[in-house]
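Input: structures, listed below.
Here come two complexes built around chain A, the first alongside chain B, the second alongside chain C.
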Partner chain A sequence: MTIRRTWWAWGFLALPILTYGITVVWPALYSFYHGFTDWKAVGGGDWTGTANFARMAQDPSFARALRNTLIWTVAGVVVPTVAGLALALGLNRITRFAKVIKSFFFLPLALSLVVVGQVWFWIYRPEDGLLNIVLGALGLDSWRHAWLSDPATALWAVMAAWGWQQVALAMVIFLAGLTTVPRELTEAAQVDGAGAWQRLRAVVLPALRPSFVVVISLNMINALKSFDIVYVMTGGGPFRQTETLAVLAYRVAFKTYDFGYGSAVSAVLFVVSAVIIGLFFAWNSWKDRHA
Partner chain B sequence: MTNRSVALRRRAVKFAAIATAALLAAACGSNSGTGSDSAGAGEVGMVHYFSDEGGSKAMAKVLSICQAQSGQTIKNSPAEQEAFKDAILVQLAGSNPPDLFSYWAGAKTQYLVDQNRLAPLDDMWAKNGLDEAIPGSLTQAAATYNGKRYLVPIGYHYVGMFYNPEVMAKAGVTAPPKTWDELLAAADKLKAAGVTPFALGSKNRWPAQFWFDYLLLRTAGPDYRAQLMAGKAKYTDPQVAKAFELWKQLFDKKYFNDDPNGYDWTDAGDMVSSGKAAMTLMGTWISGYWDGNGVKAGERYDFFPFPEVAPGVPQAALGPVDGFAVAAGAGNPAGAEKVLACLASPEAQQAVALTQGALAPNPKADLSSQNEVMHRAAEEVGKAPVFAFNYDLATTPEMSDAGLNALARFVNDPAEAASVLAEAQSTADGVFSGS
Partner chain C sequence: MPDTAVAERAVLPPQAPAPPASRPRRASRAPLAAALAAFAVLFLVPCLGVLYTSLKTDAEIAANGLWAPSGDLTLDNYLQALTAGGTGRYLLNSLLVTIPATAISVALGTLAGYAIAVLRPRAGEFIGFCLLAGLFVPPQILLIPLFAGFNAAGLYDTLFPMIIVHSGYGISLCTLVMRNFFRGLPMELRAAGLVDGAGEPRILASIVLPMSRPALAALATLQFTFIWNDFLYPLVFTRSDTMRTVMVGILQQQGQYSIAYGVQAAMAVLASLPTVAIFIAFQKHFIAGLTAGAVKG
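Entry: the complex of A and B
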């Protein structure tokens, strides 16, 4: 029986759509428009065509920010997904104190990224941070490092802090997904003599497909828009080495007062995100049709 | 489709359209309401960055003094300093800018003046006799832009070499160094005694600029530096290379703490007060920090002016000047000017200076209760032939971001001086090409 009461739905949707349009769509379009101007917030605003985008092509800061964003997206999808899956599989087998232990692993999700950034900023402090103290106590003095101010380690250190929270998210989703794995199938496979690894590959992982889609999309989206944790931990430093596209757009707009260029960078971030996420969903629906 | 569902659908469309129209009308209606919501008569909106502990106390006193003196109600809106730098641009760009707001003298104010965002204050200046209240050199440097007055200075800081007298004495440094060679000799003694000579906490980039500023001021002189700040000299000039060379010497001899980019200026201050390091090049606000931590002025901290490097060069004083300005589109400019006149008065300036650990532009402000370190700092500024603004206030915002970045890279690896300066110059070429 089809539901013909769609007109009620439009009535209810009118307010959210309007609010979304005013607060998200219109400012985004307005910002894209300014990417083609030399707007300085307190002045400027003349049309400059593609000058900002031409500047972007020559700007080493932009190249580094783009590189950082892409590295973050790749590593930020692979590592939390795999680690989250491993955690979920492990936690799924625990029966004693299961709820308590799962809550501990869930805790990072309850923190805001700013808090996560501040906590890990303290962990990474060169002299009195937890990480270096532990390394020293274990006798690994040569591994002690200025994690956040050494350009070689800064980005990975920030990504590790971000990943710490993302793993919790992945774990939660996989745990939920594991409850949907049909018991009869795993038991049948066991009876047929399949080992644990074979059961995983043949039964559990395919059943977790929907969870994978959710985890990968969420990780991808969160990685692409990384700003708060970078800003809190390093401010984009040391000397711009940890800037992502979002941090670059912010710095260029608010520190050098060049809102036109900042808007152009934001527009590029939008396009990059749309392409990556779009490709993922396209691949996903292709797999759905050909599975 | 049945007739009934078509009728229902038409009604739904009409319903949605009316709802949307009503919401739009309400939104537009309330918009025009907030547009004229700027301070009513007798009310002055004041936005400022004096929001830390000392700053809030200072502003509370100032508010009570100035509300009484001006007869206006002041709407106080403090913001954290870094957040303020961003928020003020947004506010000034909107149609409802604050009446009165604090700002830094120098290139930042020049920028706003060039964009016509500030109201000229010449009439108010003359009417309230501010030429008697604010010394001429400060008026010229901090208040006057493009020939007109735009900013009333409310406080300023002096950058000097703050040190721990106990640590210095124990290492055998009996008198504050007056020349570059004496400074190096003192650093040598400190290093031999196991103390880090200079503490630098440049995580937020700006603390490193004082070293660059003073080395350039003491070798090439204030006139050359002013040219560089204005884009008329180059970062690749030999004068700049010389200043960096001297600075690099200090890094090569390991006179700085390890990894300066990993620490904040307060960490560097703690290194000095705890005795791990001896000196830190910082502004007089560090006295407010140390006083708050119970470090006694004169006994456990003191300062000396940055030593002479090249003989015969004018010994300029360096520091930021804070002031208040009136936005061009302010809702209550008359009220704002009344409050501004009060802010230049000795009582208000005394309140700010005492609680902030700052120095007051108005010579009549009674600062006798400040500690002797601050008195001597004020004397130094009085003696100095020139008062210069630190780097990120002396050059345009676009250049200062790139410049601070260059300094951070240099502090990370002093061997990269040449490439760092070349990069700074290429940004400068772009920034100053229009002028």
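Entry: the complex of A and C
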């Protein structure tokens, strides 16, 4: 019986493993290898050792892309997590129209980042964009701005558009988490005279810990990968100021056909992602043990 | 029942005497609901803006700006998007990619999740870990080798690369969701099937899968949305206009219709219709999929 079961297990696993191996494992390993070559799209590449990585260390585009990716990851975790938690806590307290209101917040999740980017591009238009119209109407004419063409604001403007879509993801997970907060605990705390803020800190937030882990890791992954929205809204500009590592890897590989250097950049993106996510999970399991 | 308590409180006239403990709570709910409702409407302004722009004439937009109200609404933009703009073709291509890729990735994830959670072979947990690790792999690292591979296989600039890559890249999420689902499933029925002498494929097909409909629906909804909305793979693996899926297609057409904002908006609305329709029809499944995918294993 056990032998037959094992036999079937591997039978079931064969096709998924094969497909996954061809589309994910092999390409990832191949990219790592070609990060050490000077492959230029045509023909093979020659082994050049660490030349690509030495070039990266000198490359201002790379430094900027790395910096933007890190900024994006920090802000892209903090802002949607805090905003999503606030929305979930608010929505959890109301009963009337809660379902309709929730679905309004969810809706952007069904949209493509291409569409999100297009709309927000229109919101940021300098002359007749919605944001500047609203600022003008509020008497804040001095705040009117060419949001996407000023290097000082472009990255933040793109991130805001991304956050608009992303916040509902955190909200959904926190809402699901809030259903697990034991009602007796919050009520007992209230009877003991704990205010709303104390109840939140002492009862609700600790109970939401698993949700926090999921929200933070999901936002981290999505932030590290961010490509579509940048590509659509700014193409990495102005003056490559909004390029992330994902955008840089694409540009190097498919605009200049420098496959070797592109592979090296994407390998660095992979390693940076793995380190950040690995550190987060390690910290999390350390916290679990010392809770 | 807490819900009826709240409902009762809500229908009481404000002057009615209420127990002191619930008075501050009752007072605080209506403004909160109103504030959240107002914010939710504000939150949808970008969506409503596109929808509204898609109904305006170009002359109106040119005269009054993109966000100005218009008295003159038309459906011409949609007609133009579908005919001259080629959006019909892009939509068809997206369907031809999304439906098979969704089906294959969910099927492969079901097989792997069932094997890992129920049949539990030796090293199954390790295989599961490797399959799930794909969730953390940025797709950029896969592009160059896959591009070269599809080129060599003669598949570049067809729809096959997107079907193949999404089928494989989606295995991570599908395995995670199905494994977690199968772990929670009571397996007495499986044992009964074994006693009856049914083989594993028959047990999976006729006992386990019928019980798995909610999970399959949630996962399929999620995968459909991801694959439909994908932009990166068709950008890299296709070149000719007839092979573009809808997200890359409409972005390319923006160059063509650079000042025809109405047509651009109509294209964006058309491109979003399938996922928004699925979202509205299957909202419960959609959210179940998001939270199920989010539950760390």
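Please note the rule applied: the second predicted complex is superposed on the first by the 279 of 291 C-alpha atoms of A that agree within 3 Å, B and C clash if a C-alpha of one lies under 4 Å from a C-alpha of the other, contacts with A are read in each partner's own complex, and residues count from 1 in each chain.
The criterion applied here is as follows: contacts are C-beta pairs under 8 Å (C-beta built on N, C-alpha and C of every residue); 3 or more make two chains touch, one makes a residue touch a chain.
No experiment lies behind these values; they were computed from the predicted model shown.
Between chain B and chain C, it is C that contacts the larger number of residues in chain A.
In the superposition on chain A, A:15 makes contact with both chain B and chain C. Applying the stated contact rule after C-alpha superposition, one finds that A:31 touches chain C and leaves chain B untouched.
In the superposition on chain A, A:282 makes contact with neither chain B nor chain C. Of the two partner chains placed by the overlay, only chain B lies in contact with A:251; chain C stays clear of it. Of the two partner chains, chain B is the only one touched by A:126; chain C is not. Touch criterion met: A:172 reaches chain C, while chain B stays clear of it. Applying the stated contact rule after C-alpha superposition, one finds that A:97 touches chain C and leaves chain B untouched. In the superposed pair of complexes, A:82 makes contact with neither chain B nor chain C. In the superposition on chain A, contact of A:240 is made with chain B only, not with chain C. The interface of chain A with chain B overlaps its interface with chain C at residues 4, 6, 8, 10-11, 15, 22, 125, 254. On the chain C side of its complex with chain A, the touching residues are 2-3, 6-7, 10, 21, 28-29, 32-33, 35-37, 40-41, 43-47, 49-50, 53, 65-68, 104, 108-109, 111-112, 114-116, 119-122, 124, 127, 130-131, 134-149, 164-165, 167-169, 171-172, 175, 194, 199-201, 204, 225, 228-232, 235-236, 247-248, 250-251, 254, 261, 264, 268, 271-272, 275-276, 278-280, 283, 286-287, 290-291, 294-296.
On the chain A side of its complex with chain C, the touching residues are 1, 4-6, 8-13, 15-17, 19-20, 22-28, 30-32, 34, 87, 90-91, 93-98, 100-101, 103-116, 118-120, 122-123, 125, 127-130, 133, 164, 169, 172-173, 176, 183, 190, 210, 213-215, 217-218, 221, 224-225, 227-228, 231-232, 245-246, 249-250, 253-254, 259, 262-263, 266-267, 269-270, 273-274, 277. Partner chain A is touched in their complex by these residues of chain B: 5, 8-9, 11-13, 15-16, 19-20, 23-24, 27, 85-86, 89-90, 92-93, 111-112, 114-117, 203-205, 258-259, 261-263, 397-398, 401-402, 405-406, 408-409, 412. The touching residues of chain A, counted against chain B in their complex, run 4, 6-8, 10-11, 14-15, 18, 22, 40-43, 125-126, 146, 148-151, 235, 237-240, 251, 254-258.
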